[in-house]
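Going in written order, the chains are labelled A, B, C and D, and every chain counts its residues from 1.
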Amino acid sequence: MGKGFDLILIFVILLSVVLVMLESVTEFDQKYHDTLFTMEWIVTIFFTIEYIARIICIRKPTSYIFSFYGIIDFLSTIPLYLSYLVAGSQVLLAVRAFRLLRIFRILKLVQYIGEASQLGTALKASRTKIAVFIYVVLILSVIMGTLMYLIESPEAGFTSIPRSIYWTIVTLTTVGYGDIAPQTTMGQFIATVIMILGYGIIAVPTGIVTVEFAKHGSKGKNAEDKNLVHVNTHSCSSCGVEGHRDDATHCFKCGELL
Amino acid sequence: MGKGFDLILIFVILLSVVLVMLESVTEFDQKYHDTLFTMEWIVTIFFTIEYIARIICIRKPTSYIFSFYGIIDFLSTIPLYLSYLVAGSQVLLAVRAFRLLRIFRILKLVQYIGEASQLGTALKASRTKIAVFIYVVLILSVIMGTLMYLIESPEAGFTSIPRSIYWTIVTLTTVGYGDIAPQTTMGQFIATVIMILGYGIIAVPTGIVTVEFAKHGSKGKNAEDKNLVHVNTHSCSSCGVEGHRDDATHCFKCGELL
Amino acid sequence: MGKGFDLILIFVILLSVVLVMLESVTEFDQKYHDTLFTMEWIVTIFFTIEYIARIICIRKPTSYIFSFYGIIDFLSTIPLYLSYLVAGSQVLLAVRAFRLLRIFRILKLVQYIGEASQLGTALKASRTKIAVFIYVVLILSVIMGTLMYLIESPEAGFTSIPRSIYWTIVTLTTVGYGDIAPQTTMGQFIATVIMILGYGIIAVPTGIVTVEFAKHGSKGKNAEDKNLVHVNTHSCSSCGVEGHRDDATHCFKCGELL
Amino acid sequence: MGKGFDLILIFVILLSVVLVMLESVTEFDQKYHDTLFTMEWIVTIFFTIEYIARIICIRKPTSYIFSFYGIIDFLSTIPLYLSYLVAGSQVLLAVRAFRLLRIFRILKLVQYIGEASQLGTALKASRTKIAVFIYVVLILSVIMGTLMYLIESPEAGFTSIPRSIYWTIVTLTTVGYGDIAPQTTMGQFIATVIMILGYGIIAVPTGIVTVEFAKHGSKGKNAEDKNLVHVNTHSCSSCGVEGHRDDATHCFKCGELL
């Protein structure tokens, strides 16, 4: 029965995200406004019941309420109620997308969570190196952006230093919108230098991450067992902890019967 | 003689793909419409004969008809006939491009197929890691896209959330068309964050694939013999299996004389 | 007390960089011109005092004045004074961004400096390889740029060879502004070739840097102690050397009491 | 004396490339047309003398004339003479850029050539893998391009299949000009898929090349001596072979006194 509830939950989460998207498409919203509105209410009521049920089932509700998923669940439920009180509270609808992270857990995608945590470990290990890298990129952007502001005219779109820095990052990351583009020969020359820099610099994070992956990948086989995270949406009714083994009968933290 | 037929087949496949392209160029089609039409018929008839011949030569035709190449051969042959019955069946012409995959086999590019299968193995091994990565990228795109929809005005092109998500992916993958571009300072700031994220995130799949290549590359020398795939377009007349050794006299599956 | 001064210094450096940015935003400058002007003077006076104090405290001031940080400190202080004498001396304001490099040292981010120097070592080791790579990219750009100039019309934006080379680099580095884009079929075909080249070529610097990182990363554990750079903004009053250990009582170079 | 000549040669080669660029800038050409024309003649005469001198100095001139550098030297010399006979022979001026490759040899950049040959070896070793990769990318582009042609309207720029394929490659390589961009929701969805594909696919060549670099880099120390190419522009007067050791007195091929 718990499995059936999980599947319905996934469906409602996906539905709620799709609803938010469809409401933003003007033509679609005008045609089917009432249907969308009704479905939005159904989703919200479902979320409300789920949220209250979770609180009731747990002896120490605060541990759930202030957990990461607890806050996201609350924020995904509240917007429709708030829209009657506060204008512009639609902003919170975006929070629902975070709920998609639950799908991993619900689907009991053990293997995927293992891989994800392995990726996470590698990224964590290269944290300081990447921070240094981003800091250098930002300083480079500030210097190059200021330089371009001084060289290029406002007609080409370089109206202020922040805008010039925005253009520099657009160029350095090889995105290249083209809404702002250098017109003078000097500006184009410096743009060329920035591009080749960006082209070369992209090698640095790749190199860092690859080396970390290689390190953690070799440990992979031994670590495989550790990665076997037991996914389970049922939280302990006593202390609210999640992540119990599927065959657990007692909470691994407080020993209470599940 | 089989070799001569293979070369003609390659030529006709390439010709058929070029024909589809040329027909789509309006000026070219208006000038040489009759020539193109005639050649299209010649190609279709050639494909029809080849398809029927293959079915006749094989004792169990169903094994060929429902194989990957069997379906593609059928779909590349049928569109011209269908165009007299169903409007818009031209869509199927695109299927012909898949036929290009045959060229590998026909040209007996043993070495290339070996390399391809090696690449395939490495990509297969990093499948779950890449799936996790793409899932995270998609959730990130949904969240960032919704955020940008709320910040930016419709005048800048952010008319709906799906469109905003489209813009986010364009930015995150460093494509950057520039048909939609943020106008407000806040929007440009978030765009900058997305770009640097995308710039750093690109390191992840590269790292994953490189590590897998390194693992499989080291096994490369031992695996070389295994990679020596024997390519041969002749399918067994009894069971329809392909991939016989060039010096095979009996089908490796059913033992029938080839 | 030294720590308090360091924190104020970081704040003033960040403030001065933000001020330069805000002054460039026309609407903002018109509204708050007087406030910005006053603050600019406060920052400049603070920098002047700091600069003079540093010179006074050191017995051999020349060693500080002609050091990297000495020159940057001087260039960040002077522009406002110069603006009364020389027009266009605002250019020097961009120099202030270099001061941001000080923040690393001030914050005593030992670990980060260690990582940075490790990155630096890896990049240094792959210097010649990258130089060869950039040289080949440049020659390729000149050849392809000239070719595109001859093929494409000036209407499409290919008005001169330097401009065509600019376009080639924009394409080769996958930036792709779209301000200049090929219109003819032949031009689009060559553009396609350049793109795939650029797509493949990006692999080269990444490969170089990754291999170097892997080499230096494996030495990482032994090198960790060496990387423990002791950061300290206090320069020896006798010889002006920086980089003393936090617990140092004598200058490591001249033995003078700190 | 040979060294002095080499330096002049480098200068003239660079000058000739700069001249071709400047001539293409209309405003510059109109102002200084006579100066540019005179200098172009000086460069051409210098190249002519050098070319004839090389032929005279070698006993078997054909070995030089039909060598890679011999052909480039000829093609860089001839355009100005041809311009009196054949219209549009300016195309050959682009060939001059290849002469820049000589600079490596002239500058006796032993180390750089060593690195370049190492890079070359690694790229050569991954040749078949990269060929397979490009072949798959091209087939993917043809299929996706045809699909987009059928989905998107000609108003969005998808006027023919070749043009759609051009757009697909622009997107897949993350260049993204934006001169052609999908307008329909369906088209934007497929564009998104292509982008994420391209984003992931970029990992493949990087992985291939990195692994090859790692293999050849580890052999690097032993190979260092081999890489010590002796660069020398003097070709043997007897057999025309280049690449003698700097301290060579006899040709390494024919034994003739140099």
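Rule of thumb we're sticking to: contacts are C-beta pairs under 8 Å (C-beta built on N, C-alpha and C of every residue); 3 or more make two chains touch, one makes a residue touch a chain.
Please read these numbers as outputs of a predicted model, since none were measured by experiment.
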Residue-number overlap at the chain B/chain D interface, same or different (half cut): different
Farthest chain relative to chain C (centres taken as mean CA coordinates): B
Winner on C-beta contact pairs when A-C is weighed against A-D: A-C
Rotation, 0 to 180 degrees and nearest 5, that superposes chain A on copy chain B via CA atoms: 90
Centre-of-Cα separation between chain C and chain A, whole angstrom: 31
Intercentroid distance (Cα basis), chain D paired with chain A, Å: 43
Residues of chain D whose C-beta touches two or more other chains: 162, 174-178, 202, 206, 208, 210, 214
Chain D-touching residues of chain B, taken from the complex the two chains share: 17, 20-21, 24-26, 90-91, 93-94, 97-98, 100-101, 104, 111-112, 115-116, 118-119, 122-123, 130, 134, 137, 162-163, 166, 169-170, 173-179, 202, 205-206, 208-210, 212-214, 217
Parts of chain C lying in touch with chain B, wherever the complex brings them together: 174-178, 206, 210
Contact set on chain D toward chain B in their complex: 128-129, 131-133, 135-136, 139, 142-143, 146-147, 149-150, 159-162, 164-165, 171, 174-178, 181, 185, 188-189, 191-192, 195-196, 198-200, 202-204, 206-208, 210-211, 214-215
